[in-house]
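Both complexes shown next keep chain A, but they swap its partner, so chain B is in the first and chain C is in the second.
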Partner chain A sequence: MPDIPQFDPSFEDTSLQAQFRILVALARALSHGLNQPATFLAFERAGLSGNQVVGHLGAIIAAHIEDGVEEVNAIDGIWDAAFAGPKFRNTIGPCRDILEAIRAQSLAELPKPNSFFDLATANAAAHRFTKETLKKHGLDELLPAEPARVEIFADLTAVHFCAGTSRMAHKIRWAYQQVPHALEGLLLADLILSHEYLSHLVPINSHLDQSVREGWLVSALRETFQSVPSVPRWKRALWVDHRSHLYRHFLKVQESLPGPPSAVLFEGFSALDEQAIRLHAKSTTQFWKFTGAILERPESQEGAKDIAWLLYEIVRRATEGIDHLMSRKHMDIDDLVDYWDS
Partner chain B sequence: MPSKKSKNSAKRQVKSKRNPAPKRKPKPASQTKTQVRQSREVVYAVRIGITPTGKRRTEAEVKAEVAEALEAARKKLTAEENIGAHVEGEGGYLGLGVEWPWLFVTLAPLVGHVAKGFVEGAAKKMGEVIGEKLLELFFKELRERHLSPGPPTPAPGITSVTVPTEKPPAKSRERATGKKGRRSPSRR
Partner chain C sequence: MADRNPFGPFRLKRFALQLRQFTVNELKTAAGVPSHAVHDLLHDLREEGKSLFETETLSSEGPGRPISRYTLTPEGVEFLASQNVAVAKELNELAFQEYPSLRPRSRKAHKATSPERPVWRVEAGLTIKGEIRGDRDLQIDGSVEGLIELNPSKVTILPSAKVTADIIAREVVIYGSVKGNIRASDRIEIKKDGSLNGDMTTARIMIEDGAYFKGSIEIDKSADTGARDNPQARAAGRGYAVHKAAESH
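Up next, the complex of A and B:
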C-alpha cells in the first residue's frame, strides 16, 4: 500500500489543509463525472467542454481561497458561486443534472478522512505507468524499484513549479498553490507525477537541461499517454490546457521579476516538441531508442551539453534531422554528435 | 582551396584506411543502466531557499556556482571536520530574484559495523555540529557568488540519501578528441 504523503512544516496550517481537502473532493467528483460516457455529450449539447467545467470551478475556488477559506464547508459557497456564474447559470437538462450530481458527490467526499491519500494513489499509479512505459523499451532498470515518497508543501506565492523532485532523498514535493490551475493539477496528479519520474528520477545525468526534461521527455510522456487506453480522453485534453496554464503562469512570474531578464526556458527550444511528435509518429521504436540513449547518458556536465546541442541540431535540421534519426540502427549519443559535428 | 569540411573528411578517409576505426570501449558499469549509487545515512538535513541575484545566469550556471560554493566551504573545514555533504535543487530554476529550494545534507562517515554504535551516538552529534558549521561557511560562499540564502528550515524524514559514488571526473569530449569547442545552441 502506498505511503500517505508527508507534510512539510509549511503545510501544517489547518486552513490550508481544509482548502486542499476541498480541492480533493472536487477532483474526485469531477473525475467520476468525467469518466461517465454520457457526460461529454451532455456538456457538448450545452456548449461546454470538460476543460471549461474544470477551469470554471478552479477559478471560483481560487477566488474563494483568496478571500479566505478556513473550513471545508466553504465548498457549498463555492458551488453556489459556480452555478451563479455565466458558464453554469443557464445549463438545463442532462448537463444540469450531471453538474448537480458532481456537486452532490463532492459534498459526500468531504467527510471521508483520507483526502491526502489521493496523491499517494496517484504516485503509485505514476510509478507503475512509468515502469510499464520504460519496460516496453528495455529501459525499466533506470526507474527506482520503489515509488518516491510524496511530500506536500505550501507555496502561497506560487513562484515554484507545481512539483519538484529530489533524487538523493527519493522524494517528490507537491506544491499546494492557491491558483486557478491547482484543481487541474490534482485531476492530473498521476500524469504530473509520471513526468517527475520520467524527467527527474529516471535520467542518470542530473545536468540535463530544460530542453530535455521539460521538452523532449515531456513530449515522450505525452505521446505515450495519448496512445494508451488507460488514460481517459478527458485527461489527455486537460493536460494540453494545463501545460498552457503553467506556461502562462511561468511567464507571469518571469514578468514580475525585478532586474535583468533571466535566461530561463519553460520547455527548451521552440519547435523541439514538433520534432519529437514527428519522430514518434514515424517510428515509436526509433523515438525510444533515441530517448533511451538520453536517459542512459552517464552523469556529466559535458554529456548534458552534448545532448542539448543534439536537440538543437534536431530542431535546426528539421526533416533531415528526423530522417537521420530514422536511419540509425544504433542510437549512440557520441556517434550522433560526431556525425553532426563533422 | 578545399573547404575545411572536405579536408577533414579526406583526412578521415585516409586514417580509416590505415587504421580501422577502433571499436568503442565498453562503458564502465558506473556509466550504464545501473549507475553506481550508494545509500548514505544523513546526520543533518535542512532545506534552504537560494535566491540568485546580480547578473543574468542559466540554470546550469547557477547549479555549478552552488556546487562550487559547497566545495569551497568544505575546504575551509579542518581535516578532522571533513564530512560528506551534498546539495540538490528541488524543482526548477525560475530566474533571478526567485527563491529556489535546495536540500542540504551532511552524511555520516563510512565506517565498519564495529564502529556503528559509535556512529549512532557521539559521531552523529558531532556530525550535526559540523553540519551547522559547514552550512554557515556555505552561506558565506553563496553570498560571495550573488546567491542569497534564506533561513534554513528542517527537512523532516530525511534520514538517508542516495548519492553517486565518487569517481574521477571524466575527460571532456573536446579535450579527448582534440575538437574545438562546439557552438552553444542559441535559445529562443
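Up next, the complex of A and C:
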C-alpha cells in the first residue's frame, strides 16, 4: 500500500486542504464521466471536448475558490458559475445530462475519506508505468525499486511547476496551486508523476538541461503512453493541452524576470519534439537505444553539454540526423559526438 | 503545401502531431485556432495526394457536418514533422539571439573558446596530510595522505607523486603511485609506470601496458557503489555533485 502524501508546513492550513479536497472531488467525478463511452460523442455533438469541459471548470475554480465556504456549497457554486458561462449555458440533451451527472458525482465524492490518497495511488501507478516502460528496453535498473515519497506544498500563485523532484531525498513535491490548469494536473497526476520519474529521478547525470528533461524525455513519455490502452484517449488529449497551458503559464512567470521569455527555456530547442516523434515512428528500438544512452550517461557537466549539443544537432541536421540515428547499431553518446564533431 | 505564414501553422502542425488522432474540435482547442484553420490543414494534407491521414466518421446524425476523427498515418507524421523541423531553424536562431548562452557548442568549439580550468598543484617536495575538497582540477607532484574529494574535477597524479588517500573525482589519471580507493564518475586512467593499490569504481577504465594495479574494479555507470539495491542511497549517490556544490557555498 503506497504511503499517503505528507504535508509541507505551507500546506497545513486546513482551508487550503479543504480547497484541495474540492479539486479532488471534481477530478474524480470528471474522470468517471470522461471514461463513459457515451461522453465523447455527446460532447462533440454539443461542440465541446473533454479538454474544454475540464478547462472551463478549472478556470472557474481558480477564480471562485474561497476560504471558509462549506465544501458542498463551494462545489455547488462552482457548477452554478460553470452553467452560467457561455460554454455550458446552452447545452441540452445528452451533453447536459452528462454534465449534470458529473456535478452530482462531484458532490457525492466529497464525504468520501482521504482525498489525498488519490495522489498516493497515482504515484504508485506512475512508478509501475515507468518501470514497465523501462523494462521493455532493458533500462529498469535505473529506476529506484520503491516509489518516491510524495509531499504536498502550497504554491498558490504557481511560481513552480506543479511537481518537482528531489533526488537526494527521493521525494516528489506536488504543488497545490490556484491556477486554471490545477484541475488538469490532478486528472493527469499519474502521467505527471511518470514524467517526474522518467525526467528527474531516472537519468544518472544531474546536469541534464531542459532540452533533455522537458524536451526529449517528455516526448519519450508521451510517445509511450499514446500506444498504451490503459491510458484513456481523453487523458492523452488532455496531456497535450496541459503541457501547452504550462508553457503559457511559464511565459507569464518569465515576463516578471529579466530577459525575454522563450520556448527554449521551457522545453529546449524548437522541433526537438518533432524529431523525437519521427525517430519513434520509424523505430521504437532505435529511439529507446538513444534515450537509454542519455539516461545512462554518467554524472558530468561536460557530458550534459554533449547531450544538449547532440540534441541540437539532431534538430539542425533534420532528416539526415534521423537517418544517422536509424543507421547506428550501437548508440554511444561519445561515438555520436565524435562522429558529428569531426 | 504553401505556408502563408510559416510560424502560424507550426503550432497547428505540432498539436496535430502530438495528438496524432483528433477531431476538428479537439485540434482547434489545443492549438487555439478557429475551425477553418484545422479544415485548411486537412485540405492541404489531402492536396498532397498521399494518404497522410485516415478519416473515421463517428456520427452523421444531427445538424451540421458529420463528426469525424482523423488519424495521422506514419507518412502524415513524417510529412508534418519534417515541415516543422525546416521552420525550427529560424525559431531556434531567434531564441539564440535572445539568449546566446543557450546555443549549444560542440566539444571542439568549446575547447577552442574556453579558458583553461583553474588547477591546484601540490608541488614536488610538498607533503599534505588531511582532506582536499573543492571544485578545481588538481595536479599532484608531491605527497598527499588523507582524502581527496573533488567531485566535478580531474585529478592527475604525476610520475614522482606519492598518494596515500581515497580519491573521489570526475576523472583520475595516474602516472605516479596511489594507495587507496578511487571513485570517478567519468573515468580512471593508469598510465605506463603508474601504479594503483586499491579498488576502482567508475564508468570507464584505461590501464596501459606496464602499469601496476592491485585491487578490484567495479564498472558503474552511475559511479555510486552499492546503491542498486537501495534507491535512497542511489538517488543520493547520483546527486553527489549537486550536494557538493551546495556545500561549497
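General remarks:
Just so we're on the same page, the second predicted complex is superposed on the first by the 327 of 342 C-alpha atoms of A that agree within 3 Å, B and C clash if a C-alpha of one lies under 4 Å from a C-alpha of the other, contacts with A are read in each partner's own complex, and residues count from 1 in each chain.
The rule is simple: a residue touches a chain if its C-beta (ideal position, glycine included) is under 8 Å from a C-beta of that chain, and two chains touch if they have at least 3 such contacts.
This one's a predicted model, so the numbers in the text were calculated from it and none came from an experiment.
When the two complexes are overlaid on their common chain A, residue A:Q52 makes contact with chain C while staying clear of chain B. Using the contact criterion defined above for the overlaid structures, shared-chain residue A:E299 touches chain B and also reaches chain C.
Using the contact criterion defined above for the overlaid structures, shared-chain residue A:E255 touches neither chain B nor chain C, since it reaches no partner. When the two complexes are overlaid on their common chain A, residue A:H207 makes contact with chain B and with chain C alike. Touch criterion met: A:R167 reaches chain B and chain C at once.
Touch criterion met: A:V337 reaches chain B and chain C at once. Once the two complexes are laid over each other on the shared chain, residue contacts for A:Y312 go to chain B and to chain C alike. Using the contact criterion defined above for the overlaid structures, shared-chain residue A:L41 touches chain C, although it does not reach chain B. Of the two partner chains, chain C is the only one touched by A:A281; chain B is not.
Taken together, the two structures place residues 141, 167-170, 204, 206-207, 259-260, 262-265, 269-270, 296, 298-303, 305-306, 308-309, 311-312, 337, 341 of chain A in contact with chain B in one case and with chain C in the other. Considering their complex, residues 41, 44-45, 47-49, 51-52, 55, 141, 144-146, 167-170, 201, 204, 206-207, 222, 226, 233, 236-237, 240-241, 243-244, 259-260, 262-265, 269-271, 273-275, 277-278, 281, 296-303, 305-306, 308-309, 311-312, 315-316, 318-319, 337, 340-341 of chain A touch chain C.
Those residues of chain B whose C-beta lies close enough to touch chain A in the complex are 5, 8-9, 12, 24, 27, 30-35, 45, 52-53, 55-60, 63-64, 86, 88, 90-99, 101, 103, 105, 153-158, 161-164, 170, 172-174, 179, 182, 184-188. Residues 10, 14-15, 17-23, 25-26, 29-30, 58-59, 61-62, 67, 74, 77-78, 80-82, 84-89, 91-92, 95-96, 98-99, 102, 104-108, 110, 152, 170, 185-186, 203, 221-223, 228-229, 231-232, 234-236, 238-243 of chain C are the ones touching chain A in the complex. Across the complex, chain A meets chain B through its residues 6, 8-10, 139, 141-142, 149, 151, 159-161, 163-171, 173, 175, 204, 206-207, 209-210, 214, 250, 253-254, 257-265, 269-270, 296, 298-306, 308-309, 311-313, 332, 334, 337, 341-342.
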